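What follows is a group of structures, each given as structure tokens.
Two complexes come next, and they have one chain in common, subunit A, joined by subunit B in the first and subunit C in the second.
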Partner chain A sequence: MNSMMIPSKGIVKIDYQTPNMNNKKFKLMMHNIGYIPQSLGLIKNITVLENTLIGALPRLGKIQSLFKIFPEKEIVEAKKILKQVGLEGKEYRKAYMLSGGEKRRVAIARAFMQKPTLLLADEIVSELDSVTAREIMNLIADAQKTMNLTAIMVHHDMQLALEYANRVAVIKEGEKILEIGVEGDKIVDFQTGNLTPDEIMEMYSVDAKK
Partner chain B sequence: MELLQITKPSDFPLISTKKIVQMNNVYASYDSKNYVLKEITLSIDRGTIYVIVGQSGSGNLLFLNL
Partner chain C sequence: MTPKNNLLIGVVIALIVAASYNIGANPIDFVEGLPNLAIIADEMTEVEPTLFVTAFWSMFETIQMAFIGTMVGVVISLPLSMFAARNLNSKYVYVPVRAILAAVRTFPSILWAILFVIMVGLGPFAGVLAIIMYTVGFVTKLQYEAIETIDSDPMDAVKSIGVSKWQLIRYVVLPESAPHLLSQMLYMFDYNVRQTSILGLVGAGGIGFYIINYIKFFEYGKAAVFMLVVLFVVLVIDWVSVKIRDKYIVKSQHGIEVTTS
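Our next item is the complex of A and B:
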């Protein structure tokens, strides 16, 4: 969905458009897709604030972005977002000084700085303890409500997925074997319509034990 | 009310106005021989959290990269 790869077969559409980097309209839309890789991609020897401001680069002019001259309002915005993700008071720390959870908060702040409509995150909480993982997921769940964000995330923890997701798709050996919708305690099977909630819970508990 | 007129049968059969990502029968591979993703069909609504669960190496990253 970040269009780094092209499918061999089939159709992918993002906001009803076929990904095409030569299409200006699509390219503009891509500015609003936030992507957090598993490695997070933070720059270690610059501050938290500077890392966050990188998310504003697509909005700036060519010269401004080349020399990283950020207008005051972007800096104010970045500080606001850092407060939102719980990094107030740590704006001027260097990124390498941060803990794993804090690094993820910076990566999320950088993605929010893009004003994303769509956020892609790869295994963002996989290396964290369960309490911190939930704190990070709460940030995304809050943004879903306040910014109407759509988040597509890859996890290996089914428990966490069921707690936060509206939909969960299970992929095994490249095939989608299960797709379920979650609404409170209710679990709905969207893939086949044949599985009972008990069977789904059974599948997921096996998955969690692995 | 949200269903639109279908113009091309080859496109998605159902189009509601609020889908942000749609995939129809998508196959993808890194080396154009072995498909890492097979027959992926899904649609993702705007404003939802969609989680893909899978073991490492089951094509999750490729999925995001499409």
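Our next item is the complex of A and C:
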């Protein structure tokens, strides 16, 4: 969706723009699209703070970025975000020394540093235990409220997805087979492509009649 | 051993024999020549201790030449390797750059030295230039290979922010490939010291100049002094670079902290 991959079919539009890296207008938009790949893509030999500051690179001038001079304002901002994601006191650790949960927090901090309006995250909690996974999800949920952020995430865990999302789409082999709208604890909208409730129950042990 | 393997070994042995016959390499000559070696070895034992001072000074010159050559060579090869890396450039950039580099690597350093002696005259400066050329050829190759093996995940993640290419190089490519660079610098310095030792053969300065002259005048005892110094210094440099490697490179590549007591 942020032009990292070319869709095999169909079209993607973000704010009426087709994602394309060579499109100048879209490149500007990319500055505000946070993207957290499943592998996180942290740079392992530099510190947590430096990894976070990468999110601010689009706001940096040519010469400043050549000599790695970040304005004081950005460093303060980065530290604030790191505190927000619970990495206070670990700003100067090297990224490879962190645990799996902490690495995810750094990747989230980097995305927040972009001042994103859209956050794309690919299975960032699927390798974590459920407690840590919930912590990370809470973090994103909080940020959604404070930063006016739309998050699009991919999950394996149906339970977790239903708990946090407003809208869940179940996709199988490129086809949307189920779409669920959630408001609080209630399911308000339910569309099943061509599946029977029994099949859904079998797949995710979700009570389809709820 | 499968029959296929046996056949392959047979073919290789046959090729070696055929090639030796062609170039006139005869093992009997080697055996007959052994006594000559004993004569040289005997003469080499007559070392002149007074020469050690000169030897160490000329070795020091050699090391300085190697140092300048390595450092300047690495500095030149850094930007070049960025242009030669396939994952950073289009084909129209990296193909010509690689072609030039391949051409540079074709000449051994001693040929470069002859070329530069003609250009800037006899002396260490010609040797330094030769070392630079050689270092650029090799370090660039090693470095662009290191860049190409960089994990594509951080690259993609940072690219998705919409940063410029220079920022990508500065913040992802450089930090990710830096451990390789340090190890290559050590390796190259090590190698260049040994290389510079023989550049004197063509008058490009350094300790090799003395060695070749004493050998020309059959003063093997004096040449031996210089060779001993080369041996000693190369061993020391080898030992030091192993230490540095253990301390910095092993640590950063495997992500474990090595505590050296």
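One rule holds in what follows: the second predicted complex is superposed on the first by the 179 of 210 C-alpha atoms of A that agree within 3 Å, B and C clash if a C-alpha of one lies under 4 Å from a C-alpha of the other, contacts with A are read in each partner's own complex, and residues count from 1 in each chain.
By definition in this document, contacts are C-beta pairs under 8 Å (C-beta built on N, C-alpha and C of every residue); 3 or more make two chains touch, one makes a residue touch a chain.
What you see is a predicted model, and the numbers here were worked out from it, not measured in a lab.
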First (subunit B), second (subunit C), both or neither touched by A:L28: second
Subunit B versus subunit C as contact partner of A:Q114, first or second or both or neither: second
First (subunit B), second (subunit C), both or neither touched by A:L42: second
When both partners are placed on the shared chain, which of subunit B and subunit C touches more of subunit A: B
Touched partner set for A:P58, first subunit B, second subunit C, both or neither: second
First, second, both or neither for A:V131, with subunit B first and subunit C second: neither
On subunit A, the residue positions that both subunit B and subunit C contact, one per complex: 2, 4, 35
Residue ranges of subunit C touching subunit A (in the complex, touch as defined): 151, 153-164, 166-167, 170-172, 175-176, 178-179, 252, 255, 257
Subunit A residues touching subunit B - in the complex, by the definition given at the top: 1-16, 35, 38, 117-118, 120, 122-123, 140-141, 144, 148-158, 161, 164-176, 179, 207, 210
Contact footprint of subunit C on subunit A as seen in their complex: 2, 4, 21, 27-31, 33, 35-37, 39-46, 50, 54-55, 57-58, 60, 62, 65-66, 68, 96-97, 107, 110, 114
Sites on subunit B touched by subunit A in the complex: 11-12, 15, 19-30, 32, 35-42, 44-56, 58-66
